[in-house]
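In the two complexes below, subunit A is the common chain; its partner is subunit B in one and subunit C in the other.
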Partner chain A sequence: MAGSLVKIQSVSTTSSVATVTLTGISSAYNVYVVEFDSATPDVDDALRARVTESGTPNTTSNYSTASKQYNASAGTTSASASSGGETSWNLTMGLESTRTNNCNGVLWLYNFNNASSFSYMTSDLLGWGSTSDELKGRKGGHTFESSSSCDGIHFFLNSGNNIVSGATFTLYGLKKS
Partner chain B sequence: MTEQQALDQATQEIEDAKPLYKQVNNERLEFSDSDYEQAIEDRKNSILDEYNFGYIQARQEAYPAIGEQLDYIFHNGLDAWKADIIQPIKDQFPKP
Partner chain C sequence: MAIGRLELISFTTSGTSITSFAVDNVFSSDYTNYVVTVGVPQGSATNTGNNLTFLDSTGTEITSTNYENIYEQFNVNAAGTISSSTTNTQISGLGQTSNIGGNYNNVVLNIFNPNKASYTFVTAQASSLDSIPNFEPYQTFGVLKTSDQCRGLSWNVNNAARPFSNVQIAVYGVAI
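Let's turn to the complex of A and B:
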């Protein structure tokens, strides 16, 4: 059998929380996958992320994002980009808080634990946007431009609001064949 | 808006929101002092970003699809397109 996903860590929020951190990334696997479901904000807000080192979020200005957004209305698109200098990754559009089970996605994590390489991530997600309450999708690429050994990923909302109860975040390792 | 004004607003908002909690793997904990400090810093940055650049995203999302705009230009001309389609959105989301 070719490679398969091995569950490493899974979190379900039973009450509102401002941040969610998943750790457990090591040298055991080259590639990791994060799947999240129902990461709904309690007030309209956008989801962001940081890498963690020894469980602590790295807040240095080494994050870059390049992404494309797909809007349900008339198929319009808009880009989100930052060339370094950001202190976190911008993952989503503003998310509509009144939509239940809003914001689901998959992240592919590369070289996170490799101390001699930058960390890379791709994102593929969907949600109801807070602007005009319409369905939006986003695909993006993200880099953390520091050669350090990262052991996890930390999620938070752009304006400091809470992720509601019922959100799930799961970390998998991609097993080598 | 100055950085100090944004910091003051962020500090007040985080104070009002206390207590805040973090989920670290399967453990739910209240924020530490350093977590609160970082939350204020992040909120300050988001306030400044929204103030300085929020109009860009808002305009992008408000403009009709390019095809619709081209159709409008074809039927009504460039001046009408500027006056009817573009200018109202620029007015609705002004540059600070």
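Let's turn to the complex of A and C:
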């Protein structure tokens, strides 16, 4: 029996890069999954993302994030929320550059290509934090509050640093028939 | 366009009245990341937590204090609680088993880079009941802080006096 998780695009970094873009989201599927691993920054930094329209990242202030961060050494959690005024999604906490294969996660993307709906995403992310030298995890929800037809997702680091060689980002579609 | 990117590597069912269930030779260089589902239909009369350890490149269980994790245990009738450790001997907070109230511990895990010579990261969610019974889902993050190239895992009870039975573990490789 053929599977129902269909690979759309995969990007593996073979050198340090400032951005990674996955495209190919269309009306063929309603729900997409992005899995990524080893998205380690070359200098301590945090991963962010934007939707793309016709392959171009949308930089308007329409991004909202609500998430909860778990800090292992402190045994604490903290909320991370932004309401509508962000120009990108805040995905991860600050990540340590010296830890190989750091920064891993799974994103579920909903209604990205539906021009009559906002785009929605849930995230499940973890890595080795650059502060407190500890495991940090985040679980959250995200929305792009514009009714546009998005065709991809664009990753970059908050302070403009690079994602090192060896990172892999893969976009899958979930078959609906 | 490739089809079927979540590829079943192993589906196994344990015996009865055991305190750990090892699934070996499932992680390799064939895949980088894995999805694991665990179902535990039956435990002892009193509930006990479930935890995870990894098997190293020789199949030996890693039980050193090199695990670090944090989890939130939600409760349908109370506020959630946070637990964490930076020197754990396992990844804790993976649901509970018992034979009370129709309990069935259900867990899904994302495991990143287990077969690479680097830290192995894990996210997990579990749903099960305690002995009241209260419904108590879990949200868990964990890491094995060694460079072991792991080839398997072991699913364990926290309290060895409270064994489980008929544990079902499915391991899928995420193809890219």
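Convention: the second predicted complex is superposed on the first by the 172 of 177 C-alpha atoms of A that agree within 3 Å, B and C clash if a C-alpha of one lies under 4 Å from a C-alpha of the other, contacts with A are read in each partner's own complex, and residues count from 1 in each chain.
What we mean here is this: contacts are C-beta pairs under 8 Å (C-beta built on N, C-alpha and C of every residue); 3 or more make two chains touch, one makes a residue touch a chain.
Values in this document were obtained by computation on a predicted structure and should not be read as measured data.
Asks: Fit or clash for subunit B plus subunit C once both are placed on subunit A?
Replies: These partners fit in the superposed model.
Asks: Just to be sure I read the superposition right, which of the two partners does A:37 touch: subunit B = first, subunit C = second, or both, or neither?
Replies: second
Asks: Touch check for A:54: first (subunit B), second (subunit C), both, or neither?
Replies: A:54 sits against neither subunit B nor subunit C.
Asks: Look at A:71 in the shared chain and tell me whether it touches subunit B only, subunit C only, both, or neither; answer first, second, both or neither.
Replies: In the superposed model, A:71 contacts both subunit B and subunit C.
Asks: Given the touch rule stated above, what does A:27 touch, subunit B (first), subunit C (second), both, or neither?
Replies: Neither subunit B nor subunit C is touched by A:27.
Asks: For A:88, decide between first (touching subunit B), second (touching subunit C), both and neither.
Replies: first
Asks: Between the C-alpha centres of subunit B and subunit C, what angle is found at the C-alpha centre of subunit A, to the nearest 10 degrees?
Replies: Once the structures are overlaid on A, subunit A sees subunit B and subunit C at 100 degrees.
Asks: After the superposition on A, what does A:131 contact: first (subunit B), second (subunit C), both or neither?
Replies: first
Asks: Is A:100 touching anything from subunit B or subunit C once the two structures are fitted on A? First, second, both or neither.
Replies: A:100 contacts subunit C only, not subunit B.
Asks: For the overlay built on chain A, what is the smallest gap between any CA atom of subunit B and any CA atom of subunit C, in Å?
Replies: Between subunit B and subunit C, the minimum C-alpha distance equals 9 Å.
Asks: Subunit A residues touched by both subunit B and subunit C?
Replies: Touching subunit B in the first complex and subunit C in the second, residues 71, 73-76 of subunit A appear in both lists.
Asks: Mind pulling up the subunit A residues that touch subunit B in the complex?
Replies: Subunit A reaches subunit B through residues 9, 11, 13-24, 55, 57, 59, 71, 73-76, 78, 87-88, 129, 131-132, 156, 158-160, 162.
Asks: Report the residues of subunit B in contact with subunit A in the complex, numbered from low to high.
Replies: Residue list for subunit B touching subunit A: 10, 13-14, 17, 20-26, 28, 31, 35, 38-39, 41-43, 45-46, 57-58, 60-68.
Asks: Considering the complex alone, what residue numbers of subunit C touch subunit A?
Replies: Per the stated touch rule, the residues are 1-7, 32-33, 68-72, 82-86, 110, 112-113, 116, 118-119, 121-123, 139, 141-143, 174-176.
Asks: Residues of subunit A touching subunit C in their complex?
Replies: It comes out as residues 2-8, 10, 12, 35, 37-38, 70-77, 99-102, 104-106, 124-128, 134-137, 139, 168, 170, 172.
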